[in-house]
Every structure is written in C-alpha cells, then in structure tokens.
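Heads up: the structure comes next, in structure tokens.
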Amino acid sequence: MSIVTLLTDFGTADGYVGEMKGVLATAGAVEQVDIAHDLLPHDIDGARLALARYWRRFPPGTVHLVVIDPGVGGSRAALAVESEGRFLVGPDNGVLSPALLHAGARAVVLPIGASASPTFHGRDVFAPAAAQLALGATVDSLGSPHLAPIVRRTPEAERRGDGAVRGVVITIDRFGNAVTNLMARRGGTIEVAGLRLPLRRTYGDADPEAPLALIGSSGLVEIAVRDGSAAARLGLRRGSEVVLRNE
Amino acid sequence: MSIVTLLTDFGTADGYVGEMKGVLATAGAVEQVDIAHDLLPHDIDGARLALARYWRRFPPGTVHLVVIDPGVGGSRAALAVESEGRFLVGPDNGVLSPALLHAGARAVVLPIGASASPTFHGRDVFAPAAAQLALGATVDSLGSPHLAPIVRRTPEAERRGDGAVRGVVITIDRFGNAVTNLMARRGGTIEVAGLRLPLRRTYGDADPEAPLALIGSSGLVEIAVRDGSAAARLGLRRGSEVVLRNE
Amino acid sequence: MSIVTLLTDFGTADGYVGEMKGVLATAGAVEQVDIAHDLLPHDIDGARLALARYWRRFPPGTVHLVVIDPGVGGSRAALAVESEGRFLVGPDNGVLSPALLHAGARAVVLPIGASASPTFHGRDVFAPAAAQLALGATVDSLGSPHLAPIVRRTPEAERRGDGAVRGVVITIDRFGNAVTNLMARRGGTIEVAGLRLPLRRTYGDADPEAPLALIGSSGLVEIAVRDGSAAARLGLRRGSEVVLRNE
C-alpha cells in the first residue's frame, strides 16, 4: 500500500482537508500520512522548507501532496513530479523546489478537468493525481511536458570577498529558533544582530538565556536561545542577515 | 479494513483524542483518519458545515465519528446513523444534520452503559459504536429507534418578494473567506456590507485588495479578498446578511 | 501491523514531525497514529498527563513515541520502556512516568549513534527505536540497563490532619476545565478559590455560568464552568490549591 503525505495551509476545521482525504480514500489502497495543515496561509517558503526536510525521509514510491496554492484557478500550472524515486504533486509556484532541483527530476503539467472547482484544485486535481500515482500510474501518463520554465526557489547564500559567507534567516521555527540558509559542517563564527557567536553542538551548550549558534539537524546554521526564543530575543525574522566566518 | 474518521472540538494536547484512538485501535481492524480536532469549543454549526463538505467524499462503509458534545451526560440522545451507505455516530444536537437530512437516513439511539463517564461519551459511547460499525455491525443492532424528533439544523436561504434571495454568512474559513448559505450555479450579483459584487470564477479574478464574490467549491457563494481576509476587511461574521440577485 | 503513536511539542508546520514519520515509514510495516504535536514547547508535565490518559487504551504491542525533549544532546538518557505489554520511547526527563511507575516496568538506555544530530534525537534515536520495537525487537535488545535513577514525576495529593486531602491543579484543558491530582470515586466537597463546591456528575448539573466540581473521565476531580472557562472565571492555573473533603 503506497503512502500519500499531505501538506497544506488549509487548517483542518473547515473540512477542506477532509474532502481531500475522502477523495484519496475513495480511490482506495492508499495510506494517508499528515505532515501539516497549519502552515501560515499562502506561505510557499515555509512549505518549501518543510518539504525539504521530509520528502526524502519517506521510502521510494511515496507520493507527497503539497497544496499551498494562492494562485488556484489562475494561470499557474498544476504539476506532477518524479524525483529520487518519490512523487510529488502541487502547484507550479516554487513549493516543490526541493524535489525539482534534484538532477533527474521529471515534471509534467496536469490537465484541469472541466468539472474542477476553480477554487479547490487540492480536491479536484491534486488529490486525484496523487491517488493515481500511489496506485501505480507513471508521471508521464498523467500529463504533458512542461514547456514554460518551472518555478524553482532557493535562497542562495553568498560568498563575500573576505571569505565569509552571507546568508539570511529563512524561517523561525515553533521554538523561536532562527534557521538560516548557511550550510556548515564544523566550527566557525556566526555574526548576527551585532553579536559574534561560536558554533556550538546543541542547545544545552550555552547558558539558559544566552543566544547560541549551532548546526541544526538538516545541516543549516540556527540561532537559538536555550529555554527561550532567539527570534524574540534578538529581533530576528525571515530575511535577517547572518554571516558565517570559518575561523 | 473500514475507515473511521474523527471530528472533535477536543484539541489534541490534552490526550482526550488519544484515548478515543486507543479505543478504536483496541477494537482492531480500523483505519483512523483525522478530519479535525481544532473546531472552536462547542461549535456545532462549524462542525456541521465541515461534515457537510466531507461525509460523502469517503467511500461507502466509512464511519464518521463526530464529537462536538456540549450536552454530554445530560438528556440529549447519542445517535448512530446510516445514510447514503455511510455511517455516523455523534450526539443528537444537530451536528449530524447533513446526513440526517438525506432521504432514507436511519437513526437509532445508542444506550449509555452504566460505566460510561458522564463527561466523556466520545471515549465510552461513540468510539465503541464507531468501531462496531466499522467491523460490520448494523445500525439497528446498536440501539433502539429514536422516538423523539431528532435535531436537524439547516440555515435556509429566503426568497424575497422581489426575486432576490436573502442568505447569511454561515462560517468564516481560515483564509478569512465568508461562506454563505446561498447556492448558486452561475452568474448573479451579491449585495454584502453595502457593496454590489458580480459573481466571479476564482480568487485571482479581482484586484489583490478588492473584495469579490464567487461560487465556492461546495456550490455556496463566498465573499473573498485575494491575498487578504474578507471577513476582516468587510466586518463580516456568522449571521451577516448577504443577498443574491440573479441579474 | 504494529501501531506507533506520536506525541511531541514540535508543532507540524516546520516539518520535524514529517521527518520522524518518514523514518517510521521507511522502516516499514508500521501504522502511525498521531496523538498531538501542539503541546506547549517543553511542557513535560502536560505531556506526562496526556500520556497517562491514553497509553493503556491502546492494545498490547503498541509503541508510544514521546518526544518532549528540552535536554536533547545533553546528559539526559534516551529510554526504551516496556510496561503492561506496551512499549514507550522517549527522554529520561519524567515524561514517561505514567508507564515507569507501574510495577514490572523495564527500561533500557538507548545508545546515541555517532551520526545522530545532537538537536534531533526524535528523528535519529527515538523514531528508529520505535520502529524496531514495532517490528518485534525486544526492549533488552535495544539498549543497556539504566544504572542511574530514572526520573519519575508524580504530583502526590497530601492528606492533612483534619482528614481533608490537599491537591493542586495539574493542567487546564482546552475547555478551561481545571484538572486536579485529587482522585475521587464518589461525593464530597471541593474547596477552591474561596468557594465550596459539591461534587457533581457532569457539566450540565449546574447553572450555565456557575462553577462546579465533578469527577472527570480519568477519575480526577475537575473544576468546570458550563459553557465557559473555569480557569478564567476563578483565576486557576497549574499549581492552584484545591482541597477535597469527604463529607
């Protein structure tokens, strides 16, 4: 039985996710796994970053259904993607970038049926396509090649003349940790909010109220405050500048 | 393996939903699908509207467990319902109306066992009944006919003398869209909050900050603001008046 | 197929829970059941109380994965526990107390692999151990005996000289009910916030706005206000004193 994961910004209380789950269940032979439905409305960047964390943790054959879709019913394409043995369906707005950026990724454009609600492709386009993939359909059988460039988003860190790398905060997690786009493997120094912080190993490696920098579980530099919110303490938000010096 | 869906206003952090899931799991051979647990406490109308969206999207044989139950332990009956080949269990307070209003719906009153907690029928009455239905029991085998009138709620739109139809906002969704009880199939004009809005096709069919009216994915008229909250922008809430003119 | 339940304080939007679910899915043959991910960050007491409610409601063989882990990467041990035929994995910070306090509970210390992220044992230590247990591994095969005392938390009620029992509010649930650590089987009087309240049967047994005391679905005394929040109305919070008199 194939797995279909669900990531949306629909919340659950309105019943929209319930409708999608009903479509999947009716298609049959599908195991549904919730990732999240409480993304901020229209938060394509947050969804992209969450997806980057989990999509390859699931086994080959898994279908990831991703519906953060402010452009629903407009001109944006609906995509089905195969990458690294996993499948993904969702809108062509950058949210599927983590899979699209992999070498060998294939994408097709899903047709929008005449009976599809122009405000709910999650139910009428993406969930049916996810179910077909879970039941063994190939990506190519579901749509046609994408001729226009596909939207791919990635906030690249920038190497400066002095050897330092300039990055930004890309998200604030539930604990108030500020996650950056700076990849790091070992020590170094982080400059953020007027502070210079050595890279530590884990949250407990600093005093309870002191800010610290560490390499998070995805290899990205994070700014944290043990037992508190680094974002609140240092005034950080998405886009705040962070610099890594390998010294 | 039969599906049991769960809709409650319990939140998840307190562990009450976990108790219900344990009861279902112990009964065996049941696939659990979460719909939502974050309905506003005691929001029977919100639950009813969510249920209307998803209950028939699931395949025949599905059991919908719906526990929004402010009257637990009091005189309200506990119901098991069969309608359109699906099963539903929940309190007799109107929350099951979408299924009860269908021709051919059958309802029985579930007995309340002596050991049932008077504050938690979700765990001790409804989840066990849902498990039995999922395992093949008939509705009739679970209870006795309901002699008193069953509570059915439905906010009917009202046709006025001038041919217009007067309705109300029935819920505000997570995106701030105001969903009404006005059914529409094609064009017309909506009067709301002192504005006259033509019915559009989707969110992108208006300027980013302009209010628009459209036919939502369930056939109901919605008032929306692209990239914003119509409810906040126009001061709409449940019960706000909305008029549809077919002109 | 064995069940693995998940209880965390990670929220879902950041994708951390998605990573754990991917690890479980890749291990195979595991049915995942969400309990909650919206516990207050680092709320060990709240998690412990939720766990107390549901862990034995699931059938023998179930694995409960509990990751409320402010000390991750520090000196706290990672535990696997067998108790009453169920398995539990989580940090040694008291969160597993409901199972550890049972006679016959066995606990081992899980090794932390060199490649485990020091900030995410949920993904790299606990989820893999949970998967192994679900697939049939014994607790003893997963780790070594715990030599230091295991953390066990339990807020004991205190019997006073006059025969009354003094307890405290241990949590406020989503409805604003104040749950205490006072066990009761039948009548009595509760003293709280300067009031004397007889123990009632259910929420409807008092006037809509009047505070009432009752025996909740786990046998613990609760203070409630029908159609309102007792915590807000009476100024109750965790630790507020509550006295039970059996008279």
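For this structure, a couple of remarks:
For reference, chains read A, B and C in written order, and residue numbers begin at 1 within each chain.
In this text, contacts are C-beta pairs under 8 Å (C-beta built on N, C-alpha and C of every residue); 3 or more make two chains touch, one makes a residue touch a chain.
This one's a predicted model, so the numbers in the text were calculated from it and none came from an experiment.
Matching the C-alpha atoms of chain B with those of chain C calls for a turn of 120 degrees, to the nearest 5. Copies chain A and chain C of the same chain sequence form an interface built mainly from non-equivalent positions, shared numbers / all numbers used being under half.
Between the CA-based centres of chain A and chain C the separation comes to 30 Å, rounded to the whole angstrom. Residue positions of chain C touching 2 or more other chains, listed in rising order: 34. Residue ranges on chain B touching chain C, taken from their complex, read 9-19, 21-23, 25-26, 28, 32, 34, 41-42, 70-74, 117-120, 123-124. Residues 3, 5, 7, 33-40, 46, 49-59, 62, 171, 173-175, 201-205, 214, 216-217, 222, 227 of chain C touch chain B in their complex.
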